[in-house]
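Both of the next two complexes hold chain A, though its partner changes from chain B to chain C.
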Partner chain A sequence: MRKNSPLALCFHALFVIFMLAPLLIVCVVAFTPEGYLSLPTRGPSLRWFKAIFDYPEFIRAFRDSLWLAALSSTVAIMLAVPAALAIARHRFPGREALTTLFMSPLMVPHVVLGIAFLRFFTQIGLSGTFLGLVLSHIIVVLPFALRLVLAASYGIDQRIEHAAISLGAGHATVFRRVTLPLILPGVVSGWLLAAINSFDEVTMTVFIASPATVTLPVRMFLYIQDNIDPLIAAVSACLIALTAGLLIALDRLFGLDRLFVGTGKG
Partner chain B sequence: MSHLVLEGLGKSYGSAVAVEGLDLSVERGEFVSLLGPSGCGKTTTLQMIAGFVPVDRGRILLDGGDLVAVPPNKRGLGIVFQSYALFPHMTVAQNIAFGLEMRGIDKAERETRTLEAMALVGLKGFADRYPRRMSGGQQQRVALARALVIKPALLLLDEPLSNLDAKLREEMQSELRQIQRSIGTTTILVTHDQHEAMALSDRIVLMNQGRVEQIGAPDAVYGKPASAFVASFLGKTNVLRGTGDGSGAVSIGAFSLPIAGAGAGPVQLAVRPERLSLAAAGASGFEVRVTSRVFQGAHWLLTADSAAGPLILMRHNDGQPVPAEGETVTLSFAPSDAALLAPGDAR
Partner chain C sequence: MNRALSQRATPYWLTGPALLVFLGLVVIPLAMTVLLSFYDWGQYKGIVPEFTLKNFHEIFTDSYFFEIFLRTFRIAVLVTLFCMLIGVPEAYILNRMSPAWRGICLLAIIGPLLVSVVARTLGWALLLGSTGLVNQGLMAAGLIRAPLEFMFTETGVVVALIHVLIPFMILAVWASLQRLDPQIENAALSLGAGRLTIWRRVILPQIVPGMLSGGIIVFALAASAFASPAIIGGRRLKVASTLAYDEFLNTLNWPLGAAVAVLLLAALVAITVGSNRLIERRYAQVFE
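After this line comes the complex of A and B, so read on.
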């Protein structure tokens, strides 16, 4: 492999700094002892982290967000696996149209989706419910789940399944013992991406969430409309630490490059 | 009653016919190859026997029972694919034991039979290895063991050696033959490699465009090709144009020889290059002019022009003088070395 020239190294360094700087700044600001957003010049303080516990709304919103992300991404992946296998294996009329339909939430602006869901849920009596929130998130995160499972499904040599059938395995056994393990990297990464996107979604959720069902990003958004203080930086720092921890754990378990680049080999 | 009988087997994809009117009887313990160019229907035939492609017409009888209505997971056949198709997330032992597990065989017997199968294919000590950490040849052995451990009624091999390099392929061929002989499993091999088919099979089924061209032992099919297609597909051959006199004799120029079944008018004879010999001085034969001469170690390969058409001939490197380029020589061949090709069977 060729060594990078000093100029290229400089460019890469700047690029990485540009990507990481906002995250770093937020984390540093979270440790300020002051009452306003500033760098902690008088030494670090945990004042604003302690302050989070004075706002039970944040804790509750965090818990709701986790539930929402877990539920919607799990349902989305359960829909994505059979859909992806059908699309990857079979040629049937409307196959292209179906794929596009499943991917369409990516193309519709979330503001539009938010307004549409608000109207729709009011119509069918789901407005302001947690169920409504889960349903709308399933639709928004489905493309992420489908895309990654689809990529994994295309990579399967169908003769491996034929071999299992010839050895006496029925449909259910083939799926459980052969197909699912083979697409597992796609399933796990699809689920993860779906969960992250659900947890992160604010543009659409802000329209659907009611005071009883506020997700963490929406809660944060509402909070900074009224107050600008380092509390929000402390919450952000906690989220960054949590996400980093989760990714490190997944990397140890599966190997992240395998999940997202998807070589398909175990 | 033959072990496996294919009766008028046929398959179409839309208006395209993949296999048509295939009749074949295979005896117990026999090794039969389906040989032909790609798209000849040999793989489709194997897939129909395995049950992965539905049968449109005809019957597949195994020991007298019709297989067509039996789902593929109940047929109890062993299959080895060109791509090995091993389970990448399972170890060698788990791969081999899979079929036994599906049959509900208890753990202790599973282990014994898995170890036996591994010994049979020469993979002792590989039990805990994952397929991705093995060479192509080793993976193919695992696939073979996995197919054989269930004691299948039939062993189906779909181009099993095509992914291996030439030297390994030859080794595996003789080993495969030896394993098949020792356990006596009736075997159907699909291949496009004529050498593989000839080296391994008791009988060859030569297929072209969905139809059987010829069925027979390798030397019989090679020596007496039934059609120009068989003659040209199986090894190198010469198709010589001659004239029949209507009374069972064919003449090429001044060279005349008796050929049973030859009609009057133009006929075509298939003669292998190694069966064309230089005529002794004064003996009858037909004249050819050598156009090129290539040395290939054990033999010389010559091309020549003649009144019967262009031809190739082979001279063993036995110390005798070899005709030079541009030289005119007289060739002859024995009537028994010529196969009469069906009339109108254009090349």
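After this line comes the complex of A and C, so read on.
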């Protein structure tokens, strides 16, 4: 393989700066000792990080977001695994239509989904509840879970299962001892991608969140709409640091290109 | 016979739970939204469940709405074009890197995808504000005298959206670059083709499908983006999604907001499905 030219590398360096600049500036501004947005020219200060603890709504929203992500992606993966197995190994009428339906939350803009859920939940008395948030998030993250489990299910050699059955294993045992271990990488990465997407979702959630049940990104969005100050930069910096840690862990565990580029092939 | 029947029922048992959830939580809410867009609304009477075309008539005749939809479309087209212009060469460069470097660079490019859009857009608000780094840098360099206005402008929204969406373009193009046989490039080189010719005649035709499918994703996401236009554009510079938000949560004219959402959905489905068909027909041989 030939090397990139110096010009190409310059372009690449500029691009990486473009990608990282907005994240870095947030982290730098978060350390300002001043009471207003500025670069920490007088040395870094943890003042605004301490200030986060005076705003329990951010802490509560963070906790709710974690619960929401964990619950919705778990239910989504439990729905996605059997569906993926059916789609991967059976040819049945309606297979294409079902796949399209399950993938449709990727096509439908999240604003539209938010409006649809707001209308629906108001009608059935679920508006502003945590249950409503979980139900809506199951829908938005299911395509991510399904895609990765599906990719894993296509790769299984079904003769291994047949061997287990011929040796007298029941259906439950085959699933637990043979099928599930084989698709486990897809299940785990599907769950993770679903959880991350649930945690980051803001567009749809902003419609159905209520002051009592609000996720961290929505809380931050509503705060920014009122004013931008070093406090929100500190909250964002924490979020960026958390994501960076997660990212490095994911890269070590799975390899990022597999987790994301693999999704395109599903 | 019984066994064969149960065999045939298996896929339906397996997909059943997900299907029920989707019928209850996607099909019914969307149908209710479409219905809602045909309802009447008044300041004092609220939502009146009577069939009317009033909302759509209002959107199609009022130039205020036309301007917002036009702006949404313009922003989405610009973002898509810039994502292609920057994303395609970047994916190419990335593909030619050594695996170790590529891994690190992928972290920098895909990583932001995992950070909440709100935090990323906040970064652009800090960079692009009148006292932000970009303006200070440009003024210090003597290129401009007064700060450029990025906040609350379309330029600012486009820049922030390019940053948010370009990873999708890079991933799509990179996927098609990986299928490319590097020997073809070498063959062209050995036959005396220049770099530019190789790009135009050998590489580009093979990655066009990846570019276009990436472009469709970017366009659809840009046209329906909410957080970035809401933060950078503010209340003055509305796009279709922030318009729907305002109708729902500020004006409380739900039927009109639903009509905006239905139109946005219909336009996006028409554009994405239409262009997908076109690409598949035009580039059928590449997909095989």
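Here is the rule we use: the second predicted complex is superposed on the first by the 244 of 266 C-alpha atoms of A that agree within 3 Å, B and C clash if a C-alpha of one lies under 4 Å from a C-alpha of the other, contacts with A are read in each partner's own complex, and residues count from 1 in each chain.
Just so it is clear, a contact is a pair of C-beta atoms (placed from the backbone, for glycine too) under 8 Å apart; a residue touches a chain by one contact, two chains touch by 3 or more.
The structure displayed is predicted, hence computed values, not measured ones.
When the two complexes are overlaid on chain A, chain B and chain C sit side by side with no clash.
In the overlay built on the shared chain, the residue A:187 is in contact with neither chain B nor chain C.
In the superposed model, A:8 lies in contact with chain C only, and not with chain B.
Shared-chain residue A:133: touches no atom of chain B or chain C. For chain A, the partner that touches more of its residues is C, with chain B and chain C as the two candidates. When the shared chain is aligned, chain C comes close enough to touch A:243, but chain B does not.
Looking at the shared chain after the overlay, A:18 reaches chain C, while chain B stays out of its contact range. Of the two partner chains placed around the shared chain by superposition, neither chain B nor chain C is touched by A:148. By the touch criterion defined above, A:87 lies against chain C but remains apart from chain B after alignment on the C-alpha atoms of chain A.
No C-alpha atom of chain B lies closer than 8 Å to one of chain C in the superposed arrangement. Shared contact residues on chain A (touching chain B in one structure, chain C in the other): 265. The touching residues of chain C, counted against chain A in their complex, run 8, 10-15, 17-19, 21-22, 25-26, 28-30, 32-33, 36, 86, 89-90, 93-94, 96-97, 103, 105-127, 129, 131, 133, 163, 166, 171-172, 174-175, 178, 182, 220, 223-227, 230-231, 240-241, 244-245, 248-249, 254, 257-258, 261-262, 264-265, 268-269, 272.
If you check the complex, the residues on chain A that touch chain C are 1-4, 8-9, 11-12, 15-16, 18-26, 29, 37, 79-80, 82-83, 85-87, 90, 92, 95, 98, 101-102, 104-105, 107-113, 115-120, 123, 135-136, 138-139, 142, 196, 199-200, 202-203, 206-207, 216-217, 220-221, 224-225, 228, 232-233, 236, 239-240, 243-244, 246-248, 251, 256-257, 260-261, 264-265.
Residues of chain A touching chain B in their complex: 157, 159-160, 162-170, 173, 177-178, 181-182, 265-266. Those residues of chain B lying in contact with chain A across their complex are 50, 52, 72-79, 81, 83, 85-89, 98-99, 102-103, 130, 132, 143, 146-147, 150.
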